[in-house]
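In order of appearance the chains are A, B, C and D, and numbering begins at 1 in each one.
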Amino acid sequence: MVGGGIGAFIGAIHRIALAMDGQYELTAGVFSTDESKSKETGKQLFLDPKRVYTTYQSMLEAESALSEDVRIDVVVIVTPNHLHFDPAIQALEKGFHVILEKPITFSLAEAKLLHQKRLVTGKQLLLCHTYTGYPMVKQAKQLVSEGLIGAIRKIYVEYPQGWLSTFLETSKHKQADWRTDPTKSGLAGAMGDIGTHAFNLAEYITGLQVVRLCAAVNTVVEGRKLDDDGAALLTFNNGASGVLISTQVAAGAENNISIRVYGEKGGISWCQENNNSLVIQWPDRPAETWRAGSSYLGSYAAHNTRTPAGHPEGYLEAFANLYRNFALCLRAAHNGETPKQEWLDYPSTLEGIRGMAFIESVIQSSKQQQWIDFVQ
Amino acid sequence: MVGGGIGAFIGAIHRIALAMDGQYELTAGVFSTDESKSKETGKQLFLDPKRVYTTYQSMLEAESALSEDVRIDVVVIVTPNHLHFDPAIQALEKGFHVILEKPITFSLAEAKLLHQKRLVTGKQLLLCHTYTGYPMVKQAKQLVSEGLIGAIRKIYVEYPQGWLSTFLETSKHKQADWRTDPTKSGLAGAMGDIGTHAFNLAEYITGLQVVRLCAAVNTVVEGRKLDDDGAALLTFNNGASGVLISTQVAAGAENNISIRVYGEKGGISWCQENNNSLVIQWPDRPAETWRAGSSYLGSYAAHNTRTPAGHPEGYLEAFANLYRNFALCLRAAHNGETPKQEWLDYPSTLEGIRGMAFIESVIQSSKQQQWIDFVQ
Amino acid sequence: MVGGGIGAFIGAIHRIALAMDGQYELTAGVFSTDESKSKETGKQLFLDPKRVYTTYQSMLEAESALSEDVRIDVVVIVTPNHLHFDPAIQALEKGFHVILEKPITFSLAEAKLLHQKRLVTGKQLLLCHTYTGYPMVKQAKQLVSEGLIGAIRKIYVEYPQGWLSTFLETSKHKQADWRTDPTKSGLAGAMGDIGTHAFNLAEYITGLQVVRLCAAVNTVVEGRKLDDDGAALLTFNNGASGVLISTQVAAGAENNISIRVYGEKGGISWCQENNNSLVIQWPDRPAETWRAGSSYLGSYAAHNTRTPAGHPEGYLEAFANLYRNFALCLRAAHNGETPKQEWLDYPSTLEGIRGMAFIESVIQSSKQQQWIDFVQ
Amino acid sequence: MVGGGIGAFIGAIHRIALAMDGQYELTAGVFSTDESKSKETGKQLFLDPKRVYTTYQSMLEAESALSEDVRIDVVVIVTPNHLHFDPAIQALEKGFHVILEKPITFSLAEAKLLHQKRLVTGKQLLLCHTYTGYPMVKQAKQLVSEGLIGAIRKIYVEYPQGWLSTFLETSKHKQADWRTDPTKSGLAGAMGDIGTHAFNLAEYITGLQVVRLCAAVNTVVEGRKLDDDGAALLTFNNGASGVLISTQVAAGAENNISIRVYGEKGGISWCQENNNSLVIQWPDRPAETWRAGSSYLGSYAAHNTRTPAGHPEGYLEAFANLYRNFALCLRAAHNGETPKQEWLDYPSTLEGIRGMAFIESVIQSSKQQQWIDFVQ
């Protein structure tokens, strides 16, 4: 693991996700650029002190020198955005698979290079668009792809947060600090941090791609260096239209990412706050609530669920689903077996490129205050 | 009453709204251009056949000739949009007050003329933006105006319907027929029919005004003559931004008009589906659910509620609130008394002008595919 | 109207219910035992002062002396429980139909006498078990009777309120005053006031009858003279079992009367707080949410709805449904026509007898602290 | 681990719960009485084959002979009810701590013996009443104990399931098979399996104890050997009353265990389906929704949460909370440190005794069809 020292939010989440299903064991790491903090983190995680490193370069070097049954198989990178590309590239080059927080890189150009590197090395990369790990999101995708609601016409997707409603940057708030810093976060703030999740969710469930958009991003809180709010009108490649909302200044909002997709025959909606339900509305018969863990679900939802209907799973299980599917694919490849379709359903570099293109498109459209073709 | 013959949707709603609180009595009408249908409607409503007329001109003529204690006081106009302006103007001229379905007229120019006529004649006009009659919408307005959530930053408002998901126009569907006909409905379809409601709700609750917008309207169902879908990015006069969604092709959607307003301190949300609740979210303390009929509500909500908390009121009561407030104001004026602030809180020609300007702005922006200043 | 002077809760509700659909006109009344208050009420309701009476005896006398086209047709009785029986009996005897608040009378014996009087006089009586007027309650009854969820096994019904959590009796609270006074309310407090509604709702939807019960009623608030809380285990005549909860000391609870009925094949649930929805759960397919105003509903729900799906109706419309159906039946009888089954679906004296027997059963079981056969 | 072979429900859940927070490592087990199945399970779990045993006796024997840094510390017992007591007793005797599925034993007498054994050996025992591991359940307990809603008056608790609505026993359904078999499950079916959870939840949150009850249990599905349904009226030791519902024949119901507690000042409610929210209702101000992961929560909820508000945690995290707290206490004891109050908050043998006494009380009351004092 690269990053994720004591007090980091997403590093702890990754550790739970990897441990949950007994598919991974955390054995080495460089958890912080602060050596003593890295060591202390390793100690708390019961790691062998010799495998707690000072730099990711030294970790990759040392680990690749170990015998195959001892050395790490996968490098998990949970650093701020500007520190994704280099360790990822180097890990792939050294022969390790990579698990990477989103957005994939600092820029679209880097994302494309990383994609190429993945193809060239033949190593695999998991990009953590967590929300696509929810069983009912997978069910939505499966139902849409099977034509249940007909050709898609409208897509509304949103990710409202409120935690940046005030100027936290001055208050030694680690999360706020780097996420609002353009040298660490990239071109976009809210649009990069959570807008990309909303964008990915929309493309994942519908199987469509945005081809044009008109965005307006704002920096609402005085003194902030990056956007903390925005919205975009969207056109998809089948002619459907949509609206994407992403904000971090909706004071009081938590993390209720949600999506509604309407087709010719009906509409399907999902939100994180009620993640174990999928609601399908019909013009001429009662709305249906499909529930995680139920006997009638498709193979994707079923595979990605651990508990019977009514025993709620949540964000950590969605995260763990990405991890488990990635592990199942790696193990299958290692054993020369064919992975199941349900295992292969995890985001990787292509989704990363789409996400970076989304960020660049949104920022460009907003600056020009006009509709633009989606950046390729 | 002008319009509202047997089978008409909104006419029957108006009759319930006027009767509910015992403030009006329906005594005369021209319910249809089809004379026999008009007569049959009058009969079903237990009206004196002599006061069931053939044209609104003849009704206004005849009624104004009756003695003051017999003749009608108020003319209710529930015809399609293109037939709002003329009967309204004539009614005002003949000395009657007017209750008018929205949108106020067929064009912005007409709306301005009607406004002038109201001022000149000194008669009053109620424009039926029903959703502002809900007690918890009024509570939201009151709380926002008192500064509870601080300066407004974000406004999300939407009105999704699904009933025009298919081409109903061929199937002798009266509602679909005129609402999708540009010679009867006006410049806009969905944006005029329900987008104006969403727009009005946003301006009503926040007390702000849209000053710029970028809209995209679509005709999704093949063969349709007017837009059946659209969305707009908004800028308000205090610098706040917003998103407005209005569609009639969200298959399976009913009438869940909803709004979320975020200020510096918190967020407030309301939707028609759960109309007796108002949810206020805070960054640092539990969300609150304010409930219609409760003891702690402000004077506006309290005045516009008939039942104790938990005995749900709904759409018809919201409608009746407009009617009742209008009646209370007319009676106060008649008696030379000062109406209460809570009674005066009903939409009239100024809201009508804003609505028509919204329609023209949205259509213009969408055609030009760019941001425009709000049409005045 | 007998009772319902200024400030009375339920009288005002009845006036809205009767006015809403244009089927009744309020023309006479004795609104209070206080003559000046009765007169003032009549004045506010725009009544002819000559038809505002001092006693119900004088009203019945005077009205029956008027010509048929002038005199009242129906007497609405909205007095406290101990003043139901006598005006109702006298009204029937004088040839008037009766609309009566629940519980029907002060005692079971009176209820039986009133039932006999109704049969003998051939006049009709509407007992206002309002909750059976909700369209989705009627839909539930229809679906259950059609066997949709199979033979009934479990019935959970509850009516939790919180308004009597403190000793309001001392604070000149009119509602609290008589409802907690055994000389006005009868044998039971909460069980009579709202337990009877829950009981009626259960028997109405399922078509079953309670045959045994074991109840425990409590007086929670010190100094109160009647029960303010209770629960009962129930056995129904088909062998199904159930639980009934009724309380007025659930501090913070409003009026969310709710019911869940489980059969061999599935379960159906409804609650007042979400009165326009009916949820049906299945073991092997998604739950369904049936919505008032939808095209797929049965004839009972359709007949008792005024607005399209998504425009919420509520308590007042449920109340008005009772009134409208009663009026349609009376008019049909008057015209020698056969009323529709949907119109005849209103509660009357038989339901009143069941309710009074419930009160007596519950109190007896609770005193004896044991299971008893339902009192007949 | 004892039990939990391939295909077992609760064993897999325990393995996730123990792994999630990196506090335990599964190193040995006897997963089935079928040796080959036990071995296969061990293999799938990447265990050392030498530590996959044939009987729990041999496991305890062999493990206790290993050196302290190698041998297991804790024995997890996830067998059917009749196989709880003996392995638990033996594990304690051999010096291992024990984690045990509920109900604690087959009979009340066994529960008392196990409690004594725990005290005598000084070893610790965790009883998996999972629902008390939810952060918002802990928040409820904390708020109630702090007097937020005043003295408790009413407690409504229920656990409705539907999965035993048909006679699954014939269909080789492993879960149904042993749970409906009195030789494996004990005196009670539904009341033991899930009624005990509801009972425990009520006593946990309120800090009160049931002192009297009147229960009715039923065997609804023909041919079943144990109760599959029941309800009980309750009296608590402070005079409060309550109702407990437990059923496995509510066709379509999932696992929505829920509780409502009303005090003199307000009411608090929680349900598993919306487990990250806690609703507090007040008579005189808006209802509040307290949310897991929020900054304003108490120390118990905060300690038992991993994600920020709005990223839902669920059943597996609640389960893992029990495991983590138990581990923290064991480690503190091992290090000679004082465990925090929040860590000590896990169910053990005393809760087990209460649960078994509940089962015996309910069955006795139901047989006698009368109120009884709670069995001690």
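As a working rule, a residue touches a chain if its C-beta (ideal position, glycine included) is under 8 Å from a C-beta of that chain, and two chains touch if they have at least 3 such contacts.
Just so it is clear, the structure is predicted and the values come from calculations on it, not from any experiment.
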Partner chains shared by chain C and chain D (touch criterion as defined above): A, B
Greatest separation from chain D - chain, by CA centre: B
Approximate Å spacing (C-alpha centroids) for the pair chain B, chain D: 55
Chain centre separation (chain B, chain C; CA means) in Å: 34
Residue numbers of chain D (touch at least two other chains): 163, 253, 280, 287, 291
Complex contact set, residues of chain B against chain A: 149-150, 153-154, 156, 162-163, 165-166, 214, 216, 218, 220, 229, 231, 233, 241, 243, 245, 247, 249-253, 260, 262-267, 280-283, 287, 369-371
Chain C partner contacts - residues on chain B that touch it in the complex: 9, 12-13, 15-16, 19-22, 26, 45-46, 161, 163, 253-256, 272-273, 275-276, 291, 293, 306-317
Complex contact set, residues of chain D against chain B: 280, 284-291, 294-296
